[in-house]
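Read from first to last, the chains carry the letters A, B, C and D; within each, the first residue is number 1.
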């Protein structure tokens, strides 16, 4: 069992759908410890991605082509912290998925590259209450699943579950990166919006793999 | 029975007290159809009057002296429409009370002069929803009482009652003078603040005459 | 009531004190009675310009003292016209021997107090002329009432008459210029929220979350009527149409467009209003030759805006472009 | 949510459109991607100055384009930093052959997007230097966090570096001047009310009627802590002391004092804050040599203010006094 470019397209469409559906929730989370634009920014970005995808003359051939389109579109339409961070994530992921099919190791490589991209740009380590706290356990769970011989769809399901857990675990954290860090102690007790959107996007990836 | 300079001083002190006591009410009335400063303006003005009165080297000798002090102080401390209008009222009243004692005719003359002063400055006729609508019936009631042989204290009581009635009667009026006129139809249904303060001041005059 | 103030009674004196300290190169103040005037005193031989009125409309009027505009300003208590004993010495302080023009907004209180103030100054040998600004088209049937209010158009009167005085026009000419501006300027405003006068402690009117007041003045008075909240373009059309119709604006005319914030409106919103007002003027065939966008005649922290249109001619345009050096307007 | 807007999605484009129409003598805009630059294009041989960031802080940054200040500004979505594809062409448009200084406020988003934007411009042959403004002393432990935010001090960086560029300094010198300003400027702010981002539709935080937020940023973020409403003099002391202490201000020093309104604060209140801040600086033996009071770095319609102190030296004072001709700052 492998994942192909159709999966990637389904993933992107599902990402756009879930981000748009949770727009208000993400805005509200960001309003509490940030500036209230995360849901708006991602919705704007993924809406633009879908528009670009729909406007393509020829369907994309490889997973990497899809991810690269996502990367450049998010970079030029999202802005804020999330734009460059997600943009770099997809760009790095695109680089390691230049093949037509992804097996479980390929899925792990994709997730690892994305996470490394985010860390390279944002310089956040785990525990600083950012999206890194969702990506890191997602990668760990994916690695464990792949090591246990799970097929790509299950690797993604594990990653999504890891991201969900990681997102929840940001609640008690004190933010030391991103806008929430300005709040000091007052950042404690809130779910990080970027961790939540990571959870949504990885759930979309897993969902797209079982469709 | 006549009224002397002590009555005038009592009247002024009672005016200051009642205006201060009704400060919020006058502000609220003015807030509804004006700019919400009438109670503040009159309190500031009468507080200054009392300070001037207290600072006098020698007690004033005549009713007219007291009224002139009130006139100049209100003019220089109240501002707004009420400052010049009340200021002129007291100034004109002072001119016709240059004697030590006021009989009933003298009280009528005082009230008439005050009203004429307000009309001369503000150009409002009765029915335009201004303080003129309190002063005019006050004068009419005073004239009737004096004609019927009432003593000064009863002439003032009649004037106060006339002012109270006149003030109430401003409620259904459409304002065509003063700030309330800008509201057009929306000025209907509200008591005019200047008519209400006139009622308070004339009640103070009557009260000071029976003390 | 949430305000960056100390004792509500001291708002005017403290804020004027701060203003004069911050702009000591342009203005100075007299304390008792309170008025603000140009540093260095009256300009000999120049017609003096004085305005004043209740406080709470900042930068009006003290913010417009300086070369090319006012010589003195008289701040009253919050939303309360100043008193004659303030006005008279301000008129005297502005007199450089060529007489003084008093620019008065049309409110009963302002008119009456300036009347007496002018009388007192006249008794001291100051020649005083007075113009009454009444640009607010929201006041209907104005012949049967206290008349139209003076609102944001006042700034334009002060600028243009100020430029005329600065170039050396005599009192009659400066007065005529001021009157020409008054005759050709109209304004209408909208409030999204009320404002709170410090001494009153509560909002000047209660406005539901989904309604706005059309035709407000600048003293937190309620407007002529209340309408449901609408898109900015619609609201702007209501204001602009009233103004342009009243002005009987014809195609081909040149105008100055002033979009004035009431104090609590973000600049971004004022420019959205400007964009539409300009488009509507151009659709009428008028040409927006000069523009001004910002907080110039405010009502404390009220959210809202007013749209002012002034019909220009070459002379007025030239006077507009003449240098001005005040705290709030400078070029 | 009560705003003078049309579709919340169009607030930025419509308001920039209005801004450019109103100031067509100073600025022009590029539509896709959106940025604003000096009319007439880059000045040959002069170092270009570019800034940008989320919208909602007007007049920052486009209001500071013009002679003596910026060459281009890049407006992002509301409170959202712009994207590299906007930033890169703005940097190019500002390049007159002597390189470009990017003035970036210290927010993760702004820093990252400008980083990429500069890389893209560099690839097109534009020499780009970057300074990061981080004047907000409200952010404690800044070494362990995203660092201090860039707030109202940005205006001073833009003015002084702009004057240096205008007098012909090269890129290294202009950058050094900008950095010297950054090293010597500190700010702290207070909010009495939250603001409402159009797309969010509700206030950025909930604040009871008797509480205020100390140490807010300019994006409607809640502050470091919440205190009961207090007199202006007390609040001002809290802000000024934090700023002056952090700056290690010594007696005898000359400073520039900026009291900045957050957008919804009446001018009268800003001057009350100014009065007290100035008194406290003088009590410390500092001399307030230059002042600026008004809405320069706002958070939409937020009510509140920030106090900024810049340590001056003769060169910086001279650069401050140098002519500037922008929509929002002019002398």
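Here is the rule we go by: a residue touches a chain if its C-beta (ideal position, glycine included) is under 8 Å from a C-beta of that chain, and two chains touch if they have at least 3 such contacts.
Being a predicted model, the structure only gives us computed values, none of them experimental.
A.B. asks: In the touch network of chains, how many steps separate chain A from chain C on the shortest route?
C.D. replies: 2
A.B. asks: Chains in contact with chain A and with chain B: which ones?
C.D. replies: none
A.B. asks: Out of every possible chain pairing, which has the most C-beta contacts?
C.D. replies: C-D
A.B. asks: Using mean CA coordinates as chain centres, what's the chain B-chain C distance in Å?
C.D. replies: 32
A.B. asks: Using CA atom averages as chain centres, what separation in Å is found between chain B and chain D?
C.D. replies: 54
A.B. asks: In angstrom, rounded to a whole number, how far apart do the mean CA points of chain C and chain D lie?
C.D. replies: That pair's centroid distance is 29 Å.
A.B. asks: For chain B, write out the residues touching at least two other chains, lowest number first.
C.D. replies: none
A.B. asks: Based on which chains are in contact, what kind of graph results: line, ring, star, complete or other?
C.D. replies: Looks like a simple chain-to-chain line, open at both ends.
A.B. asks: Spell out all pairs of chains that touch, sorted by label.
C.D. replies: A-D, B-C, C-D
A.B. asks: Which part of chain C faces chain B closely enough to touch in the complex?
C.D. replies: Interface residues on chain C, with respect to chain B: 33, 54, 76-85, 107-109, 112-113, 115-116, 138-141, 144-146, 149, 197, 199-200, 202, 204-205, 217, 219-222, 224-225.
A.B. asks: In the complex of these two chains, what residues of chain B are touching chain C?
C.D. replies: 27, 31, 34-37, 40-41, 44, 75-85, 121-122, 175-179, 181-184, 186
A.B. asks: In the complex formed with chain D, which residues of chain C make contact?
C.D. replies: Counting only chain C, the residues touching chain D are 2-7, 11-12, 14-19, 21-23, 55-56, 58-59, 63, 190, 192-193, 209, 212, 229, 231-233, 235-236, 263-275, 278, 291, 293, 295, 298, 300-301, 303-305, 330-331.
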